Structures are given as C-alpha cells and as structure tokens.
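What follows is a group of structures, each given as structure tokens.
Shared between the two complexes below is subunit A, which pairs with subunit B and subunit C, respectively.
Showing the complex of A and B:
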C-alpha cells in the first residue's frame, strides 16, 4: 500500500526512474484483466503494451489522482472497449450483443494461461457476457468499488451490482454443471 | 472452489519475451531522457540508504512526511480539484502527433444535407503537417486537405470534381498554422470560456467549457471560413486531455454554399476518438493526387506564356539548371521537397520553386484542357542542353509553338518540329 502511494507520488512528479518498477509491479495484473476481458492473448498483450507506452509518454504531464492500480485497470478496460467498438463497426454488433465465447475444453489457451487447476473456472468465466465479466474482475480483481464502476459504465450502482450477482450465480451454475458431468 | 478468492488471486502466465520487449522499450525511453542526471544519482543514493538498517527507518519516516506534504501540496490523491484549463492548453500546445475522428453535418434552411454528412479522420504531426480525410455515409472520399509544413502549402482535393487547389502558406512556421484544437489554446489560457461542469461520456468522467469567439479560426488556414463558431470542449479529468469536442458554426464560404444554392449553412461537428502522442508515418502526408486531376484556379490566375517561362527560369536557377519532371503541380510539390532542402529541413527554397512554377502549371493545364497537343519534356531536358525541345503545343493546323531548353521560344512548322524531336 505504501509502495503504491510512493510510486504514484513519484509518477506524478514526473520521475521516470520508477517507470520500470510500475511495469514490474502491475504488468501481470493488467495482463490478467485484459486477457479475461478479451480472451485473446495477442490482443491482451497489445492492450497492455499500449497502456504502458501511454503511461511512459505521459509521465511528467499526467496527474493521476486515484490509486495507480485502479487507474491502470480503467485504462485497460477503456482500451478493451475501444477495441470492441472498432470490431463492432465491422461486425455490426453492439457491445451488449457481444456474445460470450463458447467454451471448448480442449482449448489450450486456458490451461496455458491460467494453469491446469484454474482451467475449469477460466472456461466458465469465458461463457459469461462481457459486461458481467468486466464487473466481476474490476471489483474483485482490480479492487474498484461498485460506485466507481457504475460511473465508468454510466450505469446505476444497482445495475452494476446486479451484473455482479448474476455473473457470480452463473459461474456457480456452470461449475456445478461441469462437476456433474 | 471459492470463486471470489480465485478471481482475486487470478494470475495468468505472461509471455517473458513480450515482457522483455516492453521493458526494453521502457528502458530505451528512459535512456533517451537521461539528461536528467539527478534521477540516476537519486536512484543510486536510494539504494545505498536502504542497505543500512539505521537509516532505513529514518528515511521511511521522512518519506511518509514528504509524501503527505507532496500529496497536499500538489493536490494529489485526495484533492477534489478539477481540470486546470491552462494546463489543458499547455498539453494541447506541446502534444506531439495525434489523431481524431469527427462527424460533420451540414444544415441549410433547417434541413440536413445528407450528401454532405461526413466522417472525418484528422492526422496532426508537428513534423509533417496535417491531413484530413472526409468520407460520406457510403464511405466514399469527398474531400482531403493536406497542410504541409515543409512544402509550405495547403492542398485541398475534391475527388468528385477531379480537382485540387493549393494555397501557399505565409511562412513554414508551425506556430502559425493553428487548426481545430490548436485554435483553442489562446482562449483556454486567457480564461475566455464558460465552464459547463462535469458529466460522463462513454463511461469517462469529463469536464467541459464552452468557447464562443467570433475570431476563432479567423487566422486559420483551414480552407473553409466561418461566420461564427461555438465549441464545447470536454476534457478527461484523469488525463486533462480533450476527450470530445462539439462545434456549432455558420458559414457563407462558397466552398460549402456551392451546395446550398448560395445560402449560408450551419456546420455541426463532433470530434472524438482522440489518439494522443501517436507515431505517424511520413507516408500519411504524401500527396496522392491522380494525374488527371486539374488545378482549381481563381479567375484572376494568370495563364500567360511569359509568366510560365519566367517560372521555369526561376525553378532552374534554384535547382542548378534542372527543370521539373512534370508540370502537374502535385508532382512538382513532391519533387521540390525531395530536391531542395536546407540544413534545417525547412523547404524555403522549395516553397519558392513551387510558387514560381504555379503559372507554368496553370498554363500547361490550360493547354491540356484546350487539347493543344501539348508535350512537356522537363524530365529529359536541362538548361544546359542546346536546341532541345522543353515544351511545345499546337497553335494552328501546321504550326507549333516551341520553348527550347534555354527558354527561347519560336513558332515552327510541324515538319520542323518533327526534325527537332527526332534529334532528342
């Protein structure tokens, strides 16, 4: 916690010498978030890379007021959304209509990315609608409050909490179905 | 399995190769800015201090206090200070290359003119210039604008008319050529705006100001002149960079009113999808005009042989005796940029050469339009050649006007012309 505040303070001072530390500390988390939202390794790497290059370029010009981890998470989400919007123009599908990826238990990505033990959960997560996946990870993984997420998505807090609950319920259902098989 | 705990502790395996590439980019960026020697010294000192137990806790205490002071002094983590508009102006002013999209609607007599509704992509490079591509709802290119710093020119291309026009820029000085966002720097710095408060756009918290200045864009070299402009600028509170801008304007410029029967038109635009600090390839700013496009001219533009010859003479003097390879002005622009550069890369001599050649290009274009069987041999002929035909055109059934390599001019018969051209 203290290191995070110190990193943030130094970054806002334009101290470029701590950029490597920010990268070391946050890269895995950002990559996890990006991959969970996109389920495409290359796209996730692009998103994280873009965010970091922007952070590097903005050092000394940008003043981040909230915590760095949350800020970086929001940057990742915004980039993912831009990417989805760009795809939407080509595919004539809205963000709400982005269908969850169909799971394939033989897909190597999940095992390679999350490890054998977490493969089931990762696959189940991939079957959630994007919006539920986003809320789950922003709240549980990135630590953003529901109020902040609601502001980010221009929705009411109740809507966000609803997506969160439905997401968790569906995950439990998918995992229990899988266990029964 | 505890789902919440798993998500909290989720961690994917990252690609070490990608990690290293990103880290190398980071380190390269740091190396480039290593003129800040104090940063290196501070890092070394930090490591020395932290290796000592006694000093470690003292330093930690000092840092906690310093962080606290820093946070309060600079309005850090807990400040509810909003956007500082002068800072926004600074960021726009100092911003290297960026791009954005716009949607523009043209309204006349209260009705939208659908054929003029356009989606626009704008590229801004402090090194090369500005380019704007406007497409209609079918995706067809309806106009392009290039504002080229090095060539000192603005070029507007109208594909539908198969025409283009050029405007010389007063001086190849980047500071003079403020367009769209850059026009807002002065009002933002001087407080000439009305605050609009904050809201959420596309999930982003923004604060806005309205700028309504009749002189806005007055000094701009943008090809359309506006009678009035109101801009509402929305800035991302996290980055203090523009996120969206809405513009409402009225114009009587004939560039627009040619489509409205001469009536003034309202132009409404929304600018968004800003991409800041991007890498823009020089190729984006290379003119790409088909050879059969003709130069748009004013009625006062001269199509005079004498001025055309003078222009060729001036060009040859600037290039050590060479003539332009073509009298298509776009080709001249490209050629001049490559051929004539001073040490600063600013193409002052090139600007002069292009300006000098304009009458020749107009004259040549007029001859083409009148089907005068004009031929120009600038790529093969230089000022040092003797009796070579630089340019010729038909003036009567069996008679041609010839301009020779030394720029002397003569009327010759068709037979004589054939002999001259055979020798070349």
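Showing the complex of A and C:
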C-alpha cells in the first residue's frame, strides 16, 4: 500500500528511474487483464506494450490522482476497446452483441497461459459476454469501484452492478455444469 | 455448485505472465527514456553553468579593481611619516653611566666630552678650570 503511494508520487514527480519498478509490479496484472479480455497472447502483449509506452512518455507531464493500478487497468481496457472497434470495423459487427470467445482448451497457449487449475475458470470466462467479463475483471482483479467503472463505460451504476451479478451467476452455472461433466 | 466467494477467489488468483521478449522490449524503452532525460538535464544545465561562471569572473574583476583603487588611496593616506622628535634630556640623565657609555660607543671620548659639556651648559655652571674626561675619571677612581 505504501509502496504504491510512493511509486505514484515519484511518477508524478517525473522520476523516470521509477518506471522499472512500476513495470515489474504491474506487468502481470496488466497482461492477465488484457489476455482475459482478448484471449490472444500477441494482442494482449501489444496492448500492454502500448499502454506502457504511453506511461513512459507521460512521465512528468501527467498527474495521476487515483491509484496507479486502477489507472493502468483503465488504460488496458481502453486499448482493448479500441482494438475491438478496429477489428469490428473490419468485420462489420456491433459491440453490443454477445462476443463469447471460443474456448478451445486444446490450444496449447490457452492452457499454458492459465495453468491446469485455472483452465476451467478461463474456459468459463471465455463463454461470458465481453461487457460482463470486463466489469468482473475491473472490479475484482483491478479493484475499481462500480462508480468508476460506470463513469468509464458511460453507464449507470445499476447497469454495471447488473452486469457484475449476471457475470458471476453465469460463471457459477458454467463451472457447476463443468463439474457435473 | 461453486460458491460465489470461491469463484471470486479463483478470479483474483488468475495470473498470466508477460513473455521475456516483451519485458526486454519495455526495459529497453525505459532505458532509452532515462538516457534521454539525462541528456536533456545536462544540456539544460550547460548554459546555466556558463552564465554563473561569467558572473563570477565579472564579480572578481570588479572586486579586484575596487580593491586596487582603494588600496592605492589608502596607502597614500595611511602611511605613517617618520617624524624626528628630539628629546631633550636633563643634565642628570646626560651624566649617568649608561648615557656616557652610549655616547662613548657612538663617538668615543669626544662624544662623551661633548655630552658632559652639554650637561654642564644646562646646569649653567662654569668650570673654574677645564677638566678633561680622563682627569674626571681619575677623580672617580677609574684610572688604570
């Protein structure tokens, strides 16, 4: 907690030497978030790379008021959305549509990414609509409040909480079905 | 059926590491950013440093000129003049043994005689007869 505040303070002071530590501390969290939203390793790495390039370039010019972890999570989500929009433009599909990723657990990188224990959870997550997955991860994994997520997505807090509840319920259903198999 | 809490715990435990290639790419960018920041810092310092040096040199020159100007004047006004002061001694002082020895070392017997004559003049006593120093010393018991 103290280290996070110290890193944020030093970053706001423009201390570029602190970027090493910021990357080391938050890289896996950013990668996990990007991968669970995109389910593509290369795309996820590109997103993390782009986000961190922006962080490096903004050091000293940008003043981050909220916590660094939450800020980085928002940056990742924005990049993922931009990427999805660009992909959708090519595919001429709508963002509101349910976009479940194909859960091919036989893909080597999929199981290697998450490990055996988390593989079932990852498979279930891939069945969720993108918006529910996004809310779940922003709230549970990155620690953002519903109010912040609502502002980010330009939706009401009730809508965001609804997505969160439905996402958890569906996950529970998928995992119990999987267990029955 | 899995509980919500266990699902939340499992979600929080999800971990996807970055690849070493990505780490290397990012670290290279960070190193470049730090190096650029250092270059910018040293470049911005150089004009400032030269300005400080110029001011310092100018200040030294001004101080040196001021001191030399004032130093000459002060030498002229404050040099003490050697004033000769003549100190008149009393007849008693002129006839003491130390005074006579000093006179002898200055000019021998003639100087001693001269000092005694001077002392005599001051007392204003005319000798009945001219007494030389040798006679005087003999009278004092200094004859050899």
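As a convention for this text, the second predicted complex is superposed on the first by the 180 of 181 C-alpha atoms of A that agree within 3 Å, B and C clash if a C-alpha of one lies under 4 Å from a C-alpha of the other, contacts with A are read in each partner's own complex, and residues count from 1 in each chain.
In this section, a contact is a pair of C-beta atoms (placed from the backbone, for glycine too) under 8 Å apart; a residue touches a chain by one contact, two chains touch by 3 or more.
Please read all numbers here as calculations on a predicted model, not as lab measurements.
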Inset, instruction - Using the superposition on subunit A, decide if subunit B and subunit C clash or fit. - result: clash
Inset, instruction - For A:168, select first, second, both or neither according to whether it touches subunit B, subunit C, the two together, or no partner. - result: both
Inset, instruction - Would you check which partner chain A:140 touches, where first means subunit B only, second means subunit C only, and both and neither mean what they say? - result: both
Inset, instruction - May I ask you to decide whether A:76 touches subunit B, subunit C, both, or neither, giving the answer as first, second, both or neither? - result: neither
Inset, instruction - Would you sort A:37 into first (subunit B), second (subunit C), both or neither based on which partner it touches? - result: neither
Inset, instruction - Return the chain, subunit B or subunit C, that is in touch with more residues of subunit A. - result: B
Inset, instruction - For A:62, decide between first (touching subunit B), second (touching subunit C), both and neither. - result: first
Legend entry - Partner chain(s) touched by A:160 [first = subunit B, second = subunit C, both, neither]: neither
Inset, instruction - For A:28, decide between first (touching subunit B), second (touching subunit C), both and neither. - result: both
Inset, instruction - Once the structures are superposed on A, label A:12 by its partner contacts, choosing first (subunit B), second (subunit C), both or neither. - result: first
Inset, instruction - For A:152, select first, second, both or neither according to whether it touches subunit B, subunit C, the two together, or no partner. - result: first
Inset, instruction - Mind sorting out which residues of subunit A both subunit B and subunit C touch, each in its own complex? - result: 16-17, 19-20, 23, 27-28, 31-32, 35-36, 41, 45, 48-49, 52-53, 56-57, 113-115, 118, 121, 136-137, 140-141, 168, 171-172, 175
Legend entry - Residue ranges of subunit B in contact with subunit A within the complex: 1, 3-4, 6-8, 10-15, 18-19, 22-23, 25-27, 29-30, 33, 36, 39-40, 42-43, 63-64, 67, 70-71, 74, 76-77, 79, 91, 94, 200, 202-205, 238-240, 273, 276-277
Inset, instruction - Report the residues of subunit A in contact with subunit B in the complex, numbered from low to high. - result: 2, 5-6, 8-9, 12-13, 15-17, 19-20, 23, 27-29, 31-32, 35-36, 41, 45, 48-49, 52-54, 56-58, 61-67, 71, 74, 78, 81-82, 112-115, 118, 120-121, 136-137, 140-141, 151-154, 168, 171-172, 175
Legend entry - Touching residues on subunit A, where the partner in the complex is subunit C: 16-17, 19-20, 23, 27-28, 31-32, 35-36, 41, 44-45, 48-49, 52-53, 56-57, 59, 113-115, 118, 121-122, 136-137, 140-141, 168, 171-172, 175-176, 179
Legend entry - For the subunit C and subunit A complex, residues of the former touching the latter: 1-4, 7-8, 10-19, 22-23, 25-27, 29-30, 33-34, 37
